[in-house]
Amino acid sequence: YGKNTIKFLRLHKEGKKHFVKEVEVCAHLRLTSPQEYLDGNNSLVIPTDTIKNIVLVLAKKNGIPSLEQFAIDICNHFMTTFCQVAYVKTYVQEVPWQRLHEDGVPHVHSFICVPDGIRFCEAEQCRNGPLIVFAGIKDLKLMKTTQSGFEGFYKNEHTTLPERHDRILCGELFCKWSYGECKDFDFDCIWKKIRECILEAFSGPPDCGEYSPSYQKTVNCIQMLVLSRVSQVQVIEVVLNNTFYNVVDMKNLGLTNDKEVLVPVEAPYGSCACTLGRK
Amino acid sequence: YGKNTIKFLRLHKEGKKHFVKEVEVCAHLRLTSPQEYLDGNNSLVIPTDTIKNIVLVLAKKNGIPSLEQFAIDICNHFMTTFCQVAYVKTYVQEVPWQRLHEDGVPHVHSFICVPDGIRFCEAEQCRNGPLIVFAGIKDLKLMKTTQSGFEGFYKNEHTTLPERHDRILCGELFCKWSYGECKDFDFDCIWKKIRECILEAFSGPPDCGEYSPSYQKTVNCIQMLVLSRVSQVQVIEVVLNNTFYNVVDMKNLGLTNDKEVLVPVEAPYGSCACTLGRK
Amino acid sequence: YGKNTIKFLRLHKEGKKHFVKEVEVCAHLRLTSPQEYLDGNNSLVIPTDTIKNIVLVLAKKNGIPSLEQFAIDICNHFMTTFCQVAYVKTYVQEVPWQRLHEDGVPHVHSFICVPDGIRFCEAEQCRNGPLIVFAGIKDLKLMKTTQSGFEGFYKNEHTTLPERHDRILCGELFCKWSYGECKDFDFDCIWKKIRECILEAFSGPPDCGEYSPSYQKTVNCIQMLVLSRVSQVQVIEVVLNNTFYNVVDMKNLGLTNDKEVLVPVEAPYGSCACTLGRK
Amino acid sequence: YGKNTIKFLRLHKEGKKHFVKEVEVCAHLRLTSPQEYLDGNNSLVIPTDTIKNIVLVLAKKNGIPSLEQFAIDICNHFMTTFCQVAYVKTYVQEVPWQRLHEDGVPHVHSFICVPDGIRFCEAEQCRNGPLIVFAGIKDLKLMKTTQSGFEGFYKNEHTTLPERHDRILCGELFCKWSYGECKDFDFDCIWKKIRECILEAFSGPPDCGEYSPSYQKTVNCIQMLVLSRVSQVQVIEVVLNNTFYNVVDMKNLGLTNDKEVLVPVEAPYGSCACTLGRK
């Protein structure tokens, strides 16, 4: 198969008000015949330059109503236009431009980049198969400064980690879910709702939080909340890259450090991941 | 001289409410004698491990009231404790953790990383000289989708750039200013005010913006507005890394692209910088 | 499942001569029960800290005879020690330290980092299943300045790419192969042989090269040569990330550029990949 | 001032043999008048697009005889062509393509990227001032596994570092030197000679090495050797970014670790730098 990446900006005006979407699109194609590889016969090959042109033309003609709809449009175009395409997957990722505000007033054409979690989606289809849509958020960095511990784990002669009932829980979240063969969803609205579920399940109630006995359990809580609140989600995968913090031992500096000063531990660097679907 | 970097987290509680600052501190030291280099005589050398301990102990004892005050504290400690130090500079940079909110309610101990411009500061001092404080913002990405052009530039036989009166202005901003020998400033409040000045000068009025004839002029507008509004600023340096966007020519694809689809131009990649002070 | 990464250096002496291996090890584990996720019951969880200790202890006891043997040792340890482990995969990657030479004389204890292709391997095993070993090379950047073209590809109304019979072929190669259930191979020797096959298949004969009609065909040539020369390889996957170069059009600068000055094209950025096994 | 970066490839043939240079050029210009900043008057501004064209045209016309000569050519062009230029600095950096060899036979047109230290240079000139040339090497990673210690350093109540007489010395070297107002040097030959001096001074004799009492002293040894061996060098700056390795304490794992297994220490991360000239 082959894939390629194209980055561009789609601008749209309503009166004096500007709307901007900057996206990175990656298209994967697999052809029905491997003759390009085996024989050096290029007659079925769709050059990356042509793929780029198609993506730009679709953006010009249809705009980007939502990332998901744009990914679906690209899939459909390749499947209906090129009979030599056996499989197509399109990945679309957004540069998180947000409208600037001055004293609460939105600006007509100025934007700031706020990367507090990157939105992406995927659409994929095999010839004669259904078109499946995924969406997700990545690079979302979260931290809880208490209500997290790690106790009761398996121990043997290689265990040196002490049990902890009040540690920092910090990590970078990757979350991807499947909508199945979706139709006419309000993708923007659902995405925002899921992002809120993630933050709520990670944090717990604002006045007291909720105790997390492990990164794994927090991953599961996020999945359970999304599945229970958002009926359109079929399967949800969550990966949490852990950043551990150690309380600095200041005894030989003559001080008692009551979880006030902590340093990130670079190694071991871990992550946990889980994929959960509906029964 | 030598420098080193240490990253840590300072946690502080008021009742159930947690406050967190994660910072990266870089300390540069120059000693009065170069004997460590010339003779391999280490007797005056302050190991990076000791510097790390000092930074952590100061954070434990004083907390981090503001980045600037913490940088000042470190400078003062080195100058008063080590007579072999001829010069010290401390750079402090913040990881942009923000408190999470659920339906508008702030969470007592959960945070999200929002890197829409990174705050940093510097304090530097030569022995017997004044302590100078700088502050700044970096990695601030801004875009104006109109009210920007570039015309009337110098032309010769190597010129191929067409004049443009309606282009995209996009870039990554670095801004650093000097407070001089400051005393008792509310550094957090001033920093926020300067950030607002930068956004306002970049964007212009929210209902119509303001025409920018060049990146250079926009840089100057930012400097002028900060100097006029914030009396504590002595000198201000602005660097704007330009990201250019080209309108895609779709003529040979049978379409008219009226500044709707644009691609970023990777090369040449430019920047303009200017330092401006008071008379 | 969970994974974690640990980086360390293994030093070994023979008389005055030092040998150094610096590796990054990543271990993925999946347990027989998901109770840690579902119930927050940690009683079967092997902490990342314990995994780190095991890896370091194995390195201390056995050394790193080859990357592959070390990966196998780790897999075996987890499978035989922990009955709650259902699946284990270990990835080992080498920092490419090479012995320094002075006027052809090898230095007893000085090394230089030469990252012209990074060696890695993987070993994976399901409980009651065979242990499978993979090896590979990544980040290998190669360029042919002629004997490459791209012609006869599929064309339609979105095609703007001209045919080219003398272009630059440049890319970053990723190559990974399976040894099946290997026993007692000389992994170091085989790896070097495969690296030479890759370079030879990419380049062709030193006096004239060999024409490549596409990136895809070059990928296939590499696979075919490795499979024909190295009997231990069962399956081989090659990914080639293309860097395209355009001849700069200098007509409006009054010059004829006969493929002398070229600029890299950042977008579209493509890659092609293929996996090939024995019949 | 403004600067911009352009990356390109210069191809040159002698019969069937190809020669390739891929470089990144960065040009800084300062104009005699700041009117572009103050008044938005662009009439003296040389667009980055024009600068790019000039660099490419010079590469086409003159080739790249050496990085240094190319940097000098660009400086000269700007100074003699544009009377509004008050200052110009050009930085040129090379992508380290090396000719491939098959069984010792050099290939006519195939290359591999070997980044074991990146060569760069700078040329700078003020109007009516001399043209100064610098050259250097960066990203050169070196390691000594013995013959390095750190003892007899300054101690006080914040000191926790133990003295060590047999540690790992590892770091990334940056080295930049000035040729003064050079004329007709064989820049390629001198650069290679200096690289050898750096490696020799870092390592010591191949059969036994030479004891380094500190990173600082190693920096100084490199400078002294270069200045003594290469008369064309006027001033030399060396920065050594230290990577520290700690011997893993395996006592509570029941093992004695005799400097066999070490882990890199991420923080504090330090560097030492020194600039040395001739009397």
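The chains carry the letters A, B, C and D, assigned in the order they are written, with residues numbered from 1 in each.
The working rule: contacts are C-beta pairs under 8 Å (C-beta built on N, C-alpha and C of every residue); 3 or more make two chains touch, one makes a residue touch a chain.
What you see is a predicted model; the values in this text were computed from it and never measured.
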Comparing B-C with A-C, the one with more C-beta contacts is A-C
Which chain has its C-alpha centroid at the greatest distance from the C-alpha centroid of chain A? D
Taking the mean of the CA coordinates per chain, how far is chain A from chain C in Å? 26
Taking each chain's centre as the mean of its CA atoms, how far is chain B from chain C in angstrom? 38
Would you pick out the residues of chain B that each touch at least 2 other chains? 6-7, 53, 57, 158, 160, 253, 263-264, 267
In the complex, the residues of chain C that touch chain A are 1-7, 34, 36-54, 57, 81-82, 84, 150-154, 156, 158-161, 213-214, 216-217, 219-220, 242, 267-274
Taking the complex as given, what residues does chain A use to touch chain B? 6-12, 16, 18, 20, 53, 56-57, 59-61, 97, 100-102, 105-116, 140-147, 168, 199-200, 202-209, 245, 248, 250, 253, 255, 257, 259-264
Chain C touches which residues of chain B in the complex? 157-158, 160, 252-254, 263-264, 266-267
